[in-house]
Amino acid sequence: MQFGERIITLMAALVLVLQIAVVAQRWIVTHIRIFAIQSFLLAMIAATIAWFNHAPHIYIAAALTLVVKVILVPIFLERLVVRMDIREEIKPIINVPLSVVIAGGLTLLGYVVAESFYKQNEPGLGHNELAVAISLFLIGFFTMINRRKALTQVLALLSLENGLFLAAISLTYGMPLIVELGILFDVLVAAMVLGILVYRIRETFESMDVSRLRRLRG
Amino acid sequence: MMERIIESVAQLFLLLVLAPLVTGVIRTLKARLQTRRGPSILQPYRDLLKLFGKGMVIPETASWIFAATPWVVFFSTILAGLMIPMVAADAPLGLFGGVLAVIYLLGLGRFFLALSGLDTGSSFGGIGSSREMTISALAEPAMMLAIFTVAIGAGSTGLTQIAGAAIGQSWRFLAPAQMFAFAALALVLIAETGRIPVDNPATHLELTMIHEAMILEYSGPYLALVEWAASIKQLVLMTLLINCFWPVGLQPTWFGFSALIGIGWLLAKMLFLSCAIVLLETVNAKMRLFRVPELLAVAFTLGSLALVSTFLF
Amino acid sequence: MLLLALLLIPVATAAASFLVRRRKEMEAANLAGFGLVFLIAIALAAQVLARGTVSLANSFFYADALSALVILLTALVALVCATYSIGYLQDDQQSGELGDDPSGKEQLAQLRMYYTLTPLFVFSMMFMAVANNLGVMWAAIEATTLVSVFLVTFYGKVTSLEAAWKYAIIGGVGLSMALFGTLVAYYAGHRLAGSDALAELNWSVLAQHAQLLDKTSMRLAFVLILMGYGTKAGLAPMHTWKPDAYSEAPVPSAAILSSAMLNCALYGLIRFYILTSRSLGPEYPGRLLLLFGLLSMGISVPFILVQKNYRRLLAYHTIDHAGIMVTALGLGGALGTLGLMLHMTFHTIAKSLLFLCAGNVRQYFKTDLFSEIKGSVIRVMPLTGIVFLMAMLAIIGMPPFSLFQSEFLIVRAAFDGGHLLTGVLFILFGTGVFAGALLHVGGMILGTRGNTPVAPHRPWRDGSLLTLAAALVIIGFWVPAPLLELIRGAARVVNGK
């Protein structure tokens, strides 16, 4: 179990590093791939927990996460990017070095919040993973405000869900299976719906820049 | 005392001999990866030899700094190198401050190099110096934070203690604090040694060169000294990176058969790191200069996360 | 049994509308489906009144008085809007709003999309109301957002896309917070039901053992849920998507969004309120609810006063009423909860009626702005004009209409409970809204200026308008006893058994 915990902590740390890398980089395709890798790591964390705790229903959640978030959604989004032929993010609202430092600050905030949650002798992982989950959540929020391309906002929304998945796993070893099913289904449909919307925005506005969506006011 | 001197000499010898080899290996591997034949591994030795035999051209407007810099850079780098545990966990020299002294010695060299770039009065030198200073202003805090993390973990800034704390605890590397510090240091390594994506060591285009611009006016033996010092610095930083976190194969002492095993491990680790650097250089393009702060901001954030997380765990 | 039928029939209606070929068949399928759903909703209400609660499949589906009320209101709105949309979409097709493809295929595709998505929308709302498991309830609410996004982009204009994007993103972010809150609530109670993992998120189980829930987690959970489901309900400051979405969606969809979906979002909030108030006591959630409720009411006042677009005015009005209902929930107690349930019922009828009238005005005058209509709707479209004015008076709380009674009850609850500031602010904001709405809408409807010709008769639309208007007037004076009993039952659920 020690070994398992170590591996899980390692993977959670990798997820966090990847999330900070997302804040720093500009290419939408890279963003999609980093999301896929993060989801893969999360699925592996779930599978590791299932292995060490002999809880087979978590395997199903891990497998579903793998199928939906690692394969289906990234493929769909990448195809969308190719069709729309926009690869690069425009300048974010807060410049990159400052955003990265803010992301670091949000991670610390995540740790502080996770500390208040953690109780000994409960099922669930240590507060490291919960902190990473809350940081994912907060950094996803921040990315959503900071970036102006519609597709990046969609990816930020999806990484919010990732953070919640990790939080669920670390607090209670995941939610009941049917809830996980429902959530994953919703994520898939949401990705598709938002993807279609982004495509239409691009067609109508000739750009994915959401700061152009300003006609309705008052 | 005698042992110390022998150790120092041996490590000095290792530094001087190994550094050009590492540069050569990286260059050749990169060429091979790009399906070129590339120079031979021993080419840097030949280059150094050639340079030592050539005459020098010194700008009229240069002052004593121009003449002094190659010596300062060379010797400060060697001194820093003597403080790193390369083969044995016990480093030959242990100046006050341990790893901080290493960083500042390297910083001293860089300072003089930047001054000499300005000293020549050519615009290329000025470009190189200002760019180098910008990058180092951002890279050094990151490096400090990562080093402090490691030092706190080991309870001391002495490199011998740091390496010693890491020996025998290979799982310790998997702790998030160590991982973040490793990532931060790796990014800083790229910036400090002037590798793609921060700086291209093979270019002489005004748009892209940083280190090369500072040393553009050097020729002959001075150039040989500066280039040698650069490769020694690269070797020193690579060794520092690996031996602080994953000191597999560090022997307890220099003497006897264990020295050979240690050297063997060192070569293996340097080969591994060289491959990683080559891969990184081939896959990435050089970043535009004003984007380099972004990369270093990531390193800084990772470093601070590493430091803070040692207190949170 | 009834619960299953309630869920299956909308799905079947959607499938039928998707598969048939002609417009009339789609309209018929929709009408029939929603008519059936309405009847089943009444039957369900009767069953709940008789038995207390109805559950199915090992308590996976669960309906008590609160669910039954929400379901009944949703079914009513859906039926009326389905009737209205027949005439509305016919008019749109004729005037070329749906596209000018000469062969008619594009228009047919649009119609098919509308008639398929609306039953699915209603299905997800029904599912939410009968789901016992909090996580499944969340998934259903997220589904309502996803389905209604395409309803908002129905007209395909540049502004509709913008509205849909804001709706989708703000709704998505809000619901992520709600998911987090659900997760934390699960954590708070995950030891309670022993080994039955699924039951641990069941509302009925959690409500029974609410005293044992972990208090700190429930605090955090409630805040997250309030912000999450509050976004969906349109509480300030998460309300910015509402004016855009309501003014860009086709009018029947906007009517359903503003009444039924608002009720569903509030339903989710109420369920969590019950858990939190039983676990932590009603002061903590009450204070938060009062804050958000009064804020929503307050924010809507300036926007209503300077509004230029009557559909956006209605949207801000909805924000105001969401604030009223949340304030009532926050006040709690017997009076507050009764006021809440009454207000929910009356508001549903009045608001959907208002949207339908607005749709009539828009289709005839082809503009959304007050300045271009300039008045005399009452001369041009007498029925619409009268009903619009009446509904507007009703909704801003003029006696003797029903909303006056519910708002009065809420103010009384405020003063009785000692929340003097709340009561005063409530009256103040209500007055502001009263003045602004009456000014703008009255100016639009009354008067005899202008020379637009009198509008022709529109049977479908006028019929549905009249039905709702009649219901509104009647309910002001006499609430049928079973309905009143249902409302009281719902209030009792909130108050605590």
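To keep things simple, chains are lettered A, B and C as they appear, and every chain counts its residues starting from 1.
Everything below uses one rule, namely that contacts are C-beta pairs under 8 Å (C-beta built on N, C-alpha and C of every residue); 3 or more make two chains touch, one makes a residue touch a chain.
These numbers come from a predicted model, not from an experiment.
> When you average C-alpha coordinates per chain, which one falls nearest the overall C-alpha average? Tell me, please.
Answer by centroid distance: A.
> By number of C-beta pairs in contact, which chain pair leads?
Answer by contact count: the chains A-C.
> Let me check something: if the centre of a chain is the mean of its CA atoms, which chain is farthest from chain B?
Of all the other chains, the one whose centre lies farthest from chain B is C.
> Could you put a whole-Å number on the gap between the CA centroids of chain B and chain C?
Comparing mean C-alpha positions, chain C is 66 Å from chain B.
> Between chain A and chain B, what is the separation of their C-alpha centroids in Å?
That pair's centroid distance is 36 Å.
> Roughly how far is chain A from chain C, going centre to centre by Cα mean, in whole Å?
The computed centroid separation for chain A versus chain C comes out at 31 Å.
> Of all residues in chain B, which touch chain A in the complex?
171, 174-176, 179-180, 183, 291, 293-298, 300-302, 304-305, 308-309, 312-313
> Touching residues of chain C toward chain A in the complex: what are they?
Within the complex, chain C touches chain A at residues 133, 135-136, 138-139, 142-143, 146, 149-150, 153, 158-159, 161-166, 168-169, 172-173, 176, 179-180, 183-184, 186-187, 190, 197-198, 200-201, 216-217, 243-244, 247-248, 303, 306-309, 312.
> Please output the residues of chain A touching chain C within their complex, sorted ascending.
Interface residues on the chain A side: 57, 116-117, 137, 141, 144, 150, 153, 157, 160-161, 164, 167-168, 171-172, 175-179, 182-183, 185-186, 189-190, 193-194, 197, 200-201, 204-205, 210, 213-216, 218.
> Tell me, which parts of chain A touch chain B in their complex?
6-7, 9-10, 12-14, 16-17, 20-21, 24, 96-98, 100-101, 103-104, 107-108, 111, 115, 128, 131
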